[in-house]
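The next block holds one structure in the form of structure tokens; read it before the comments.
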Amino acid sequence: MTITETLSSGITIVELCGTIDASTAPELQRHQAISDPTQTIVIDLARLDFLDSSGLGAIIGAARRKEESGANMLLSCMNQKVRRVFDITGTVRLFHIFDETAAAIDYATTLRKSQ
Amino acid sequence: MTITETLSSGITIVELCGTIDASTAPELQRHQAISDPTQTIVIDLARLDFLDSSGLGAIIGAARRKEESGANMLLSCMNQKVRRVFDITGTVRLFHIFDETAAAIDYATTLRKSQ
Amino acid sequence: MNSVITLTLPGDIRFSRLASQTASNTASLFTDTCNAGAGNWEFSHAFELAVSEAFTNAVNYGDRMQGTRNITITFTIEQRKLTVAIRDANAPFSAETPEPDIETYPEHGYGLMLIRTLMDTVTICRENGENVITMTKQL
Amino acid sequence: MNSVITLTLPGDIRFSRLASQTASNTASLFTDTCNAGAGNWEFSHAFELAVSEAFTNAVNYGDRMQGTRNITITFTIEQRKLTVAIRDANAPFSAETPEPDIETYPEHGYGLMLIRTLMDTVTICRENGENVITMTKQL
């Protein structure tokens, strides 16, 4: 897995690339922008090839901690394989999921203004 | 492996996609445009992920039979992995290899005119 | 005639992706042989994900004091059915785990739920002092 | 501590790609663990290609009358060295094969040539009635 961070309209976009399973989830959890509970971020999953429940758990835990401190984690560009994990587990309804990263950024900007 | 055939300026382009090893080489050898000794073709390797010596052997055999009947087999768009097989075996010098399929087609057209 | 493929890996989480990639590749080979056209990604991905989950459990619930024991993954290819069995030397466990309550944002407990949804049959049993989780899926 | 990974496949050419993919994945895992940056494709591809060649030979020069016997591929991960050994039950063979004469457009005889070029060491020996080709490459 590789994690790439970019900034767009003041919103941090974290791009996940490769695989997130039990062998790589700890690395995800250690990532600063992901683990910081006060920072709203967009996670761009376009180049994520494979996610399993250990990866899902890491994402959910980080999202919960953000929610609890009034921040958000928005998800964009899931492929079918990744989407299937959210669908089967029912966790799809815990997230705002966007087809395009640009739309997620717009939404994050709106959230910030309304706060 | 999948084989796709297209025609451009009257030249047949055979696109090879996926893997050519001992499990798929027989399929390549059975392909009409590849096995016809009298037909000049361009083989587009852009989407060939993996080639081993069984695949190389199948390509060389078909090329030899074409050469013997005055036809040609031109190769284009090899990736680094595929190129390495031609390099190590020294068979790179048996072929006209092009970076772009368009250049290979031009060359094939010239060959045809000069015949 | 059935074909059997066996992969033996150290019980170390570093090898989880090798397990799931091999499952995906084996399932793709199987669907290719069966000439199953589109929709194949769902079949291959079912095995990729199920094996990832089962291998991870086999490692995570192993007794680390005992050092790294091997985990064996066996694929059996039949006419229209693919079976995978994962064996570990862990303490016995019950498959009767409750489903997670989504509203509490649980971080764990999705593995067997995914496996059961993705596969046609799932059996967990004890054989020669090992846990064996056997999963099958028909094409 | 060394890690050992074993893949057992039927001696059937249908499984050649599964063998080479697993070799590639194992080598990538090894280079990732070693944190070897760019240029990794060459290391992984060396194993992908060498295992494809050795597995194909193990199948092609097997005695088909005897039915399909298994071929075993063993990877051993050490600190900076990856080793792969391929075992088959074929008749013994000599590794002293002549290199092909390119000008005659030969269709065969490139396998061991590729293996020798790609790997640091290659040994072919007879062990318990089996041919064992062992190849190593240092990072």
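We call the chains A, B, C and D, going by the order they appear; numbering starts again at 1 in every chain.
Criterion: a contact is a pair of C-beta atoms (placed from the backbone, for glycine too) under 8 Å apart; a residue touches a chain by one contact, two chains touch by 3 or more.
What you are looking at is a predicted structure, and each value in this text was computed from that prediction instead of being measured.
Trainee: Touching both chain A and chain C: give me those chains, sorted by label.
Mentor: none
Trainee: Give, as an integer number of Å, the spacing between the C-alpha centres of chain D and chain C.
Mentor: 27
Trainee: Approximately how many whole Å separate the CA-defined centres of chain B and chain C?
Mentor: Computed from C-alpha means, the inter-chain centre distance equals 40 Å.
Trainee: Counting only Cα atoms for the centres, state how far chain A is from chain B in Å.
Mentor: Computed from C-alpha means, the inter-chain centre distance equals 44 Å.
Trainee: Send over the residues of chain A in touch with two or more other chains.
Mentor: Correct list: empty.
Trainee: Find every residue in chain C that makes contact with two or more other chains and list them.
Mentor: 14-15, 17
Trainee: Looking at the whole structure, which two-chain pairs count as touching?
Mentor: Pairs satisfying the touch definition: A-C, B-D, C-D.
Trainee: Looking at the complex, which residues from chain B come into contact with chain D?
Mentor: Counting only chain B, the residues touching chain D are 19, 21-23, 50, 52-54, 56-58, 60-61, 63-64, 67, 80-81, 84-85, 88-91, 93-94.
Trainee: Using the touch definition up top, name the residues of chain D that touch chain C in the complex.
Mentor: 3-10, 12, 14-15, 17-18, 21-22, 25-26, 29, 33
Trainee: Using the touch definition from the top, list the residues of chain C that touch chain A in their complex.
Mentor: Residues of chain C touching chain A: 13-17, 20, 41-42, 45, 48-49, 52-53, 56, 59-60, 100, 102, 105-108, 110-111, 113-114, 117-118.
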